[in-house]
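You will see subunit A twice below: alongside subunit B first, and alongside subunit C after that.
Up next is the complex of A and B:
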């Protein structure tokens, strides 16, 4: 009992049903594909994100919490003290002077590193015999540990037997007790820091210099510009974005300097060369005052945030201008 | 030859002035290179000299500028007094472990960030970069507590986790643009062939990226070899202390009148820098491209 028409309809309906089923299947397959993509994504990101969560994010959140507590790991119970740690800091010379010296140290170091780094890059960009070797030698201060640089310079700064005082005595007739005077100690650690990091900046600037098209200089030469004007009107504007980026990076990065001060002066004489990172280390692992150390860490973090924000704003401006 | 000499003779006056100028220029250049080399190399010369001189020759006024008596005694004394070989081995494990773990973790994450376009990819990338700015010192107190509870203080794995995590963001920063510049067609062809992701990464992406990955392995090894803060806090036993910790212990310990043992400090400094110098000399080209790729986009 079958009408030809209803047969057709039935066939159509079957086709439609098949189409729906197929679409559903495809959708399910699509969904499975999306799910698989998500699993893949998760697995790929897991190691790196996991590491950062475990050793940076979680500890930072804990540090924020601990900064409101008094906590000595030898006498476990933590005690909530509100803002006591922060109030105490205001009248603690080891903290206040480390804030000011950290900023001074970082700003002066970075400025000198930028200027000297540019000069060295310009030098290494010129043609001379043995340039490849000199460029390789330029890598050495970057590659050696800061602790070794600090020890080498500490030995050279030695008041009695140090080579620097001997050279001073021979040429200028006087000596300086480098690491035992307030300002000379500050100069000494800053100089060591500049020595250590300038070659790295020079290396990066050299790469930027090599990116400046030679035709620009040729055009300048036709116009009769000398080398100095060429530098200020051709080279500098072109590499300024990289100079600011690197300057910003060095500022923020060096705010956390620890190795140099720890090895070279221990923050001395007095608190003359004490930086925040060293103060935190001392309070935490010599004084076992974990709460107070966390509070000082917050100060360091705020300084980093301020410098970082200012730096990014400055970078934006430079990008707009050039 | 003839053309150039006739050309040179043309304006006699300007020519002489130019020649004097270029001669002065050469002289200035050579002088600057000399000053630069002196400034960079002298501290090494001084450390090396002090490490090979007998103790009594170090403490003279005026100091000796040249080696008069060569001796390896300082190295011998050092090896007799501290477990030098053990520290060297610890440093080697710490640095190579951190280097491998960070490069693997960063490679996987960079591939996801560069290739699998997903919502929030930029956010994750920026998150990694911002986490560089969080000072390492601010994490030590909670980490010390945590490691204490997990019994991970004085373990290689604990140290390697910390260090590789510290350098992973940098590595990602360098790797992401690198992966983006590889033509995606190669991988698409592989997917059509039915290669699954792990096989494809291993057989297709890794070989293309070998130079970049090797560079980062070397850079991360050097950075970890030189690290002080994490081992200083989390490696306090002979079995885990690194060379950097051994060196600063000798440098900051209180001295009793006799002054610091500069001969021993110099010898240990030499031991610490020689592996790094060898790496730098062998791989200078790779290191330079690696260091500048991140900074110059």
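Up next is the complex of A and C:
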């Protein structure tokens, strides 16, 4: 038995259908709008992403690939050698020595730069006559190009007529063959590097110190703290994120140091002051041995990754949330 | 407020797409054909397109080269721009290899070094010069050049570079000091040691050689090895003798300062011109450097004598720079013509008179310059059989680095002589 459908019901059904269709149309239009936006977004980002892929990702992937090949354009063709380049590195004293000196150079330099930079910043944060001039003078080493500084220091370290040995001779009665002895050459290049970059750190620390609220020191004074306690319990914790960030930055940045070593010692005596970046340059650009140079680059990448990861973990521990 | 017409996203995408498409199509379109001169002006003579070439050569040689270039420019209608070229073979490789590998060249003609040239020819980046350089130019080089041209300027029977420099390490001494003491310049290693001891009284040293890494250490070790009769890349016994002698000069006889290990040529020259050195080996450029220091120089202060004899005689290795044309030179045909012109027997003496760097024992130069400048000493060296061939290795730059490294380790007492020879051999073998 069938029930007759009233016109009213039919009309309701038609309205409902229309509403559904309209909703579907609206949804479709909405989806089209989203799709159009995504396309626009993609097109707008494409040049930047493409450029980045071309200049960073492609070379990186190519370096990984080349590290498994013996490739020298003067001696074609390139040949797949598997892990041979990496095996060769393990017994190549120029690489093993470069790895150890790179780590030593970067860690010692960064530690000294942080400590000295902080000390200089604390001094420059004090009120004294001529502070502006002293702050400007502080920046001079940073403003000098590294190559110029390296040449200048090479002359200053000269055992015969260098100013450093002249001072040593006059005051202590002895001289040091700075750049020809294993350890003294290492000390000399590290000291020059510290001298060059400390002002930059001091400048950044100075900005951080000026951001520490004065009320905290006043409160500390009320509680009877002395300067030393105030430094360790107020100043240092508050600027620790900047110290960590800069420390991480300097660690990673200095891992690729090249110009100082190239100009000052050429990696010598022997391999005493050879860093990884210099070793890569030597292998890649004196002999065009791109395969082996790529393998050494991978080692540098691993060292940078380790330092970077440790730095980020450390940063998370000291992050200050106001 | 003025009406601002808004651009819809659709319009923007359409416009961007049209622009990109247009650019793509334009780049694919053939270049508009240049009508031949005869079509444009039926009666006018054919017009040669004037081109601008780039010649890369060390800055100090520009003035001398310019004199010859003016004539070529006038003859051909082309223009040549001079660019400061690298000063070492290593720099040559660093600067040009990336461009060459990408199939491009920033220069048309270049002055190229011994330790970069062979790498470039092997890689197929240099244009062969056979059939470009006339035989009379090659005939202008004396027999002493034959082996050098065969080894350093050629590859697989084809010539790629024309020498324009004859670089040999000369022995310079303070004749005034020697005369004062009634001494004769040393003719053997033993005499060098004895005389060196007589002069050494720091800061004055018997002898000095800048042996900073990289590069300079190799130069001196190869020099001593030529005198000891060794094959430096084989790290043979005679090479060990040369290394030992260098070590003894510093630590046993103490007639050469330890600081030489960190010196470059500028410092070495300064030491000599500060009256701190009695005798030294230096490249020909010191002729100009010494004479250019007018406040210091006077006759007798920088006189050339034959090198002291080692077990193999009074030897000094020689090499030099030459002109070549990159395969990807933008104006290759004109560049080849320019090299032929620059190196001709007519122009070689003009270059040599303009700058001592171009002085070579080429017949035309010796004839034109007679007894001028370095020429008599060059002749004396050649006649005495002093020039020794530059040690060759197919991977010369890497092989030189090996010598640099192990010699530096040995001369700073980081490894023994035996270990030095072993490591050297191993690393040279590893080069293949």
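The rule is short, and it goes like this: the second predicted complex is superposed on the first by the 264 of 322 C-alpha atoms of A that agree within 3 Å, B and C clash if a C-alpha of one lies under 4 Å from a C-alpha of the other, contacts with A are read in each partner's own complex, and residues count from 1 in each chain.
The rule is short, and it goes like this: contacts are C-beta pairs under 8 Å (C-beta built on N, C-alpha and C of every residue); 3 or more make two chains touch, one makes a residue touch a chain.
Keep in mind the model is a prediction, meaning the values are calculated, not measured.
When the two complexes are overlaid on subunit A, subunit B and subunit C occupy overlapping space and clash. In the overlay built on the shared chain, the residue A:297 is in contact with subunit B alone; subunit C does not reach it.
Shared-chain residue A:51: touches subunit B; no touch with subunit C. When subunit B and subunit C are set side by side, the one touching more residues of subunit A is B. Look at A:163: by the touch rule set out above, it reaches subunit B but stays clear of subunit C.
Contacts of A:174 after superposition on the shared chain: neither subunit B nor subunit C is touched.
By the document's definition of touching, of the two partners only subunit C reaches A:288; subunit B does not. Shared-chain residue A:258: touches subunit B; no touch with subunit C. Of the two partner chains placed by the overlay, subunit B and subunit C both lie in contact with A:40. Look at A:183: by the touch rule set out above, it reaches neither subunit B nor subunit C. On subunit A, the surface touched by subunit B in one complex and the surface touched by subunit C in the other have residues 37, 40, 43, 73, 154-155, 158, 160-161, 266, 285 in common.
Across the complex, subunit C meets subunit A through its residues 9-10, 12-13, 16, 90, 93-94, 97, 101, 118-120, 122-123, 202-203, 212-215, 257-259, 261-262, 267, 271, 276, 394-395, 397-398, 400-401, 405, 408-409, 411-412, 414-415, 423, 430. Of all residues in subunit A, only 37, 40-41, 43-45, 47-49, 51-52, 54-60, 62-63, 66, 73, 120, 123, 126, 128, 134-156, 158, 160-163, 166, 169-170, 195, 199-200, 203-204, 206-208, 211, 242, 245-246, 252, 255-256, 258-259, 262-263, 266, 276-277, 280-281, 284-285, 290, 293-294, 297-298, 300-301, 304, 308 touch subunit B in the complex they form. Those residues of subunit A whose C-beta lies close enough to touch subunit C in the complex are 36-37, 39-40, 43, 72-76, 88, 93-94, 154-155, 157-161, 177-182, 185, 265-272, 282, 285-289. Within the complex, the subunit B residues that touch subunit A are 29-30, 32-33, 36-37, 39-41, 43-44, 46-47, 50, 58-63, 65, 104-106, 108-109, 111-113, 116, 118, 124, 127-128, 131, 133-146, 148, 161-162, 164-166, 168-169, 172, 197, 222, 225-226, 228-229, 233, 244, 247-248, 251-252, 260, 262, 265-266, 269, 272-273, 276-277, 279-281, 284, 287-288, 291-292, 295-296.
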